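In this document, chain identifiers A, B, C, D, E and F correspond to the written order of the chains, with residue numbering beginning at 1 in each.
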Amino acid sequence: MSDFLRPSGRVANALREIQFTRQFTKHAEGSVLVEFGDTKVICTASIEEKVPGFLKGKGQGWLTAEYGMLPRSTHTRMDREAAKGKQSGRTQEIQRLIGRSLRAAFDLENFGERTLHLDCDVIQADGGTRTAAISGAMVAAYDAFTKLHAQGSIAAIPVKHFLAAISVGVFNGTPVLDLDYAEDSNCDTDMNVVMDENCHFIEVQGTAEGIAFDRQALNQLLDLAQAGIQQIIVKQKQALSIS
Amino acid sequence: MSDFLRPSGRVANALREIQFTRQFTKHAEGSVLVEFGDTKVICTASIEEKVPGFLKGKGQGWLTAEYGMLPRSTHTRMDREAAKGKQSGRTQEIQRLIGRSLRAAFDLENFGERTLHLDCDVIQADGGTRTAAISGAMVAAYDAFTKLHAQGSIAAIPVKHFLAAISVGVFNGTPVLDLDYAEDSNCDTDMNVVMDENCHFIEVQGTAEGIAFDRQALNQLLDLAQAGIQQIIVKQKQALSIS
Amino acid sequence: MSDFLRPSGRVANALREIQFTRQFTKHAEGSVLVEFGDTKVICTASIEEKVPGFLKGKGQGWLTAEYGMLPRSTHTRMDREAAKGKQSGRTQEIQRLIGRSLRAAFDLENFGERTLHLDCDVIQADGGTRTAAISGAMVAAYDAFTKLHAQGSIAAIPVKHFLAAISVGVFNGTPVLDLDYAEDSNCDTDMNVVMDENCHFIEVQGTAEGIAFDRQALNQLLDLAQAGIQQIIVKQKQALSIS
Amino acid sequence: MSDFLRPSGRVANALREIQFTRQFTKHAEGSVLVEFGDTKVICTASIEEKVPGFLKGKGQGWLTAEYGMLPRSTHTRMDREAAKGKQSGRTQEIQRLIGRSLRAAFDLENFGERTLHLDCDVIQADGGTRTAAISGAMVAAYDAFTKLHAQGSIAAIPVKHFLAAISVGVFNGTPVLDLDYAEDSNCDTDMNVVMDENCHFIEVQGTAEGIAFDRQALNQLLDLAQAGIQQIIVKQKQALSIS
Amino acid sequence: MSDFLRPSGRVANALREIQFTRQFTKHAEGSVLVEFGDTKVICTASIEEKVPGFLKGKGQGWLTAEYGMLPRSTHTRMDREAAKGKQSGRTQEIQRLIGRSLRAAFDLENFGERTLHLDCDVIQADGGTRTAAISGAMVAAYDAFTKLHAQGSIAAIPVKHFLAAISVGVFNGTPVLDLDYAEDSNCDTDMNVVMDENCHFIEVQGTAEGIAFDRQALNQLLDLAQAGIQQIIVKQKQALSIS
Amino acid sequence: MSDFLRPSGRVANALREIQFTRQFTKHAEGSVLVEFGDTKVICTASIEEKVPGFLKGKGQGWLTAEYGMLPRSTHTRMDREAAKGKQSGRTQEIQRLIGRSLRAAFDLENFGERTLHLDCDVIQADGGTRTAAISGAMVAAYDAFTKLHAQGSIAAIPVKHFLAAISVGVFNGTPVLDLDYAEDSNCDTDMNVVMDENCHFIEVQGTAEGIAFDRQALNQLLDLAQAGIQQIIVKQKQALSIS
């Protein structure tokens, strides 16, 4: 791996610089700016004192997520989804993934008849927006639950386990961690992994963009992802001052 | 695994009965009824003599897929998406998956400026509709290309490799192959795998519905999927009378 | 009429081969594949235990219908209405016709606060899809009511009278029964008739496509339709084993 | 028929007072306020110097119609379709009927690559809005063609034959002509007939609202309609000062 | 100002001929045709015996407005908003303005839990449709309240003050009152003013179309508007026979 | 004015702290974070090398604006417009205002056949988002033109005059400058003013929320607005290092 060169100069198993800025905006119960290098996503967590119809009267809570990109968060301006009148399939796919993942992190049975809305809005994109969003939403949600707990609204923060997400892929024949846009747009295989602090999988989504990948490549990618995710979880806890 | 009981009575690594009925309807260039047990999907392949705007003048072809369910293909009637005025996030996610998968099976550079439309419509659902759809669409697309080749419109059938898809999951603690609805609605982990005839992966999509899964479970599921998919590819070729 | 030739070789007053296959799919309370020659429509009848808002608390039931065509049920692929985000005017016109017709066949006052949803989905089109749909929906609805009756949910099957539908038209100057696509796309007058077993009209919809038609032609067309419909009603009852 | 009483006091075969006011608004090439008693519809005919895509380069013209009701044209205010974001099935059915009917009145082959847009907007409704709209649109379209002819844009007014429309129905057991709202909302059978000046049918649309109708009733209704339509055509020609 | 010539020949501070025709259509509680020269708008006021969700149980009423233009009310036919499936930004802006303005004219606290719907539909446009609509809606609303009062449903007509609206602008360098289309489409500044009978402002909306305007021009325009509006209010009261 | 207290403690004619942060995100040709106290809006300016259809071939450019709010930019979470499938009337009104204003600042005739897209996205709202957006968009647009000029694509920066916007209103009976949310939600009159560096008006939009306002109040508000806007323009130029 010595003379392999990624566009960013990173070695194959290096994450970009990752930062979580809490209380980024003032109204939301949880508000985090997450940065994976030049990818920047605002993740807010909002508490609503009611649940969707299908859960009414069941005594449990709900968590749901939405995702968006500012029109010029990208290299070329994209059409604004609100103006087009619909969210793209990609947007819906990503927000479904964020919601499923975060529902696995928290115990919604002990949350009361409340809904936690996670909004992940990309203000600058450079690859890996969905994994940054999941990782940042974890912190924003934790902050919102902490606020509810401090108010005495819930007995404990209903976290089951911390989780984070990262992308991995095969770039120029080499498995690499945390793809940026230059790599993402030229890689053969792209995989997003969501994993908890016990190294258990929540989601694995791998796609052969060009050349199909074999079992050995899959295993190398999962190894990279596992190591990267555990580093991100350390940073999440540092940001939250959790030992 | 001796005394483990699946609702269907199948052993853990058994597929349901799988059938491909070609020329199921008469207008489409390729038309296949695919059955995975009680799951039945009509897959049609239609040739259109033009490409989308972003490919115009590039001399290559395109392949795209759409997916739908008849309102009463399911246990309880679902709202008709055409009447609601939009496709659900689930529908869009599935049709994007079908399209990506099948684009990996064929070489669209040698297809001319044509679009192959794959329509996968579920007439009866019993779990695994997306994997049945991908497996059936492979046969329908092959038939459509064969017809074009017979007409002299293309020099060869532009197949790169056969592929098929199957679901696997952890049901009552045991990894099983080809989940039906009774299993699908009660399993802890659900994974859809698309793989080619060389045992290379096209797509891996695993989700922890309840309990997160570890690397060992992942490996067991992938073993099951690989064996199942190779059996399905044999059936696809038999249906097409390809040795 | 001796040397007049229809594209199908049929004589002017001949129906195509008509078949009703009950229990075509397994989930719906009534499920019928109706075939008028090469026109094939899946008609399902689904019971829902509530009524629309405007009927709430009135103690009576409701019946409504929806219609769709699979994108490649036709010679040339049509856009999928769910993907376009709206049903065409033609689709809405047909599903309103099916609903009005079937509401005339059953006594919804003795049905309880339930809704019967009829879904008519064309899987192969060769002319006359709306008349096939109405004729098939009659059988599917009867099956659903029979199931409710067998469960003791209703005191009797609330049928007022059987009804069926057929198209008639003037093809090459001659009135003919049950137009197939080759005739439908080239005829001067096209009329759809819905009639009950007592030879009373439920709906008459005639359109001059090219040359306006006079009273005599109208009368000939209605004679043909009446004879055809009574034959179809016989087949409906045979399929249902009603003497 | 002597002691039969219609709500309006009319005898069974009497039309309401019918008026055509030309040049009702100033911008349109043809602009007619048509009144059938208290039913009032503004019909405008607008010429556009292009045809829809499917007719481009074929050297012929097109005619299309749209229909709407002001929200408070009716007894109870209806939702505004523009605000709801879609036209109802009824609206689409009516505008399709108006378009089909008027395309039968004119020879669009000699119209040049132009589109005639007919807009029929109901400002006050009292039954029979679609038949008033068709009858008024005939006059508006004629005016627009006359203007084009006067400008030398077309060699002759491309009228094939005049046509008009009327509703008939069975009210309290008696066939009556030109139903107003009080009758329309209580009748057993409702039929709309479009007919040309030669007593040939363009459209016949009959619906049994309650009790199915037999052949004899159908014939009585058609007799009433024919007599009424010929009277309306006389009034159209008087309004246009055509002998 | 002596030799300045407006296209209409009017002097700078002259209104067009303004008329309010009450009871223009028969179903609405208030129905007014308002004419500002060739601009003609039907304004109806409809009472609904309920309020929107956000006001339920608060004991007060609501007033809301909608605006539309018939497709051929204008020089060139516009697309029908109901057919396009959405209202333009301009339409929404205007109907929000009408609603806000009229809510300022009436005391909705003494109106009961009712909604007054104002529908302003332009049948002929020649500039100033929004100001005509506001001025006409005032009369229609007053009529509707009068009817409710006569029925004993409300203790008094809840009018706070009469109001009207007019447009002013700078045309060829000169401030003028009540722009018609010929002026409106060529002016540098366009301002709409809504004012009550005490010369207090409800709304001021000024836009520099070409050249920005200074404070002096603003003052001249507001002087013109004030004088014009007071004349319109006199006409409103005459139409309503209020001294 | 000595003992009047605004919620923020500001005196009546004091602006909030105003900042323009350029190059806030990296992809857009111009990217500015504008802050009016706690109101924060990201304004990006994107160049597209084409114009809308109505300008094609005319040799001139176009400028258009879109506006949005992140769902939790506000005290209570709002629904996401992209998920609802349409932009609210308020959103459309604001983005039309931004576009009209900025088109007055630049000479689009010397811009080439290009479109400048301004996207104003509120990430934190505390009153005055539309005026902050206009003021920030001015800087972002200037930056984008500067970049084009530096590339040699345009001969000069096509600015006609700088402009900015501010809100003024009557709060507790006193005219005040630059309303924050606490004032905005409780004021009697709300006015937004867009003005250029020569003290000429581009837009004046005043609304009486509760009590109608007289000419004297209007004049006081305009005096406040003028002084505030000139201060903002100074800050814009400082941010751009323009003397």
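Quick note on the criterion: contacts are C-beta pairs under 8 Å (C-beta built on N, C-alpha and C of every residue); 3 or more make two chains touch, one makes a residue touch a chain.
Predicted model only: the values in this text are computed from it and were never measured.
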| item | value |
| --- | --- |
| Touching chain B and also chain E, the following chains | none |
| Mutual neighbours - chains that touch chain A and chain F alike | none |
| Rotational angle, Cα trace of chain E fitted to chain F, multiple of 5° | 180 |
| Chain centre separation (chain A, chain D; CA means) in Å | 60 |
| Whole-Å gap between the CA centroids of chain D and chain F | 51 |
| Multi-partner residues of chain F (at least 2 other chains) | 85-86 |
| Graph class of chain-chain contacts, one of line, ring, star, complete, other | ring |
| Direction chain C, origin chain B - full chain order round the ring | B, C, D, E, F, A |
| For the chain B and chain C complex, residues of the former touching the latter | 25-28, 31, 38, 40, 42, 44, 46, 48, 66, 68, 70-75, 77, 80-83, 85-87, 91, 117, 119, 121, 123-125 |
| Chain D partner contacts - residues on chain C that touch it in the complex | 86, 89-90, 92-93, 95-96, 100, 104, 161, 191, 195-196, 198-208, 212-215, 218, 222 |
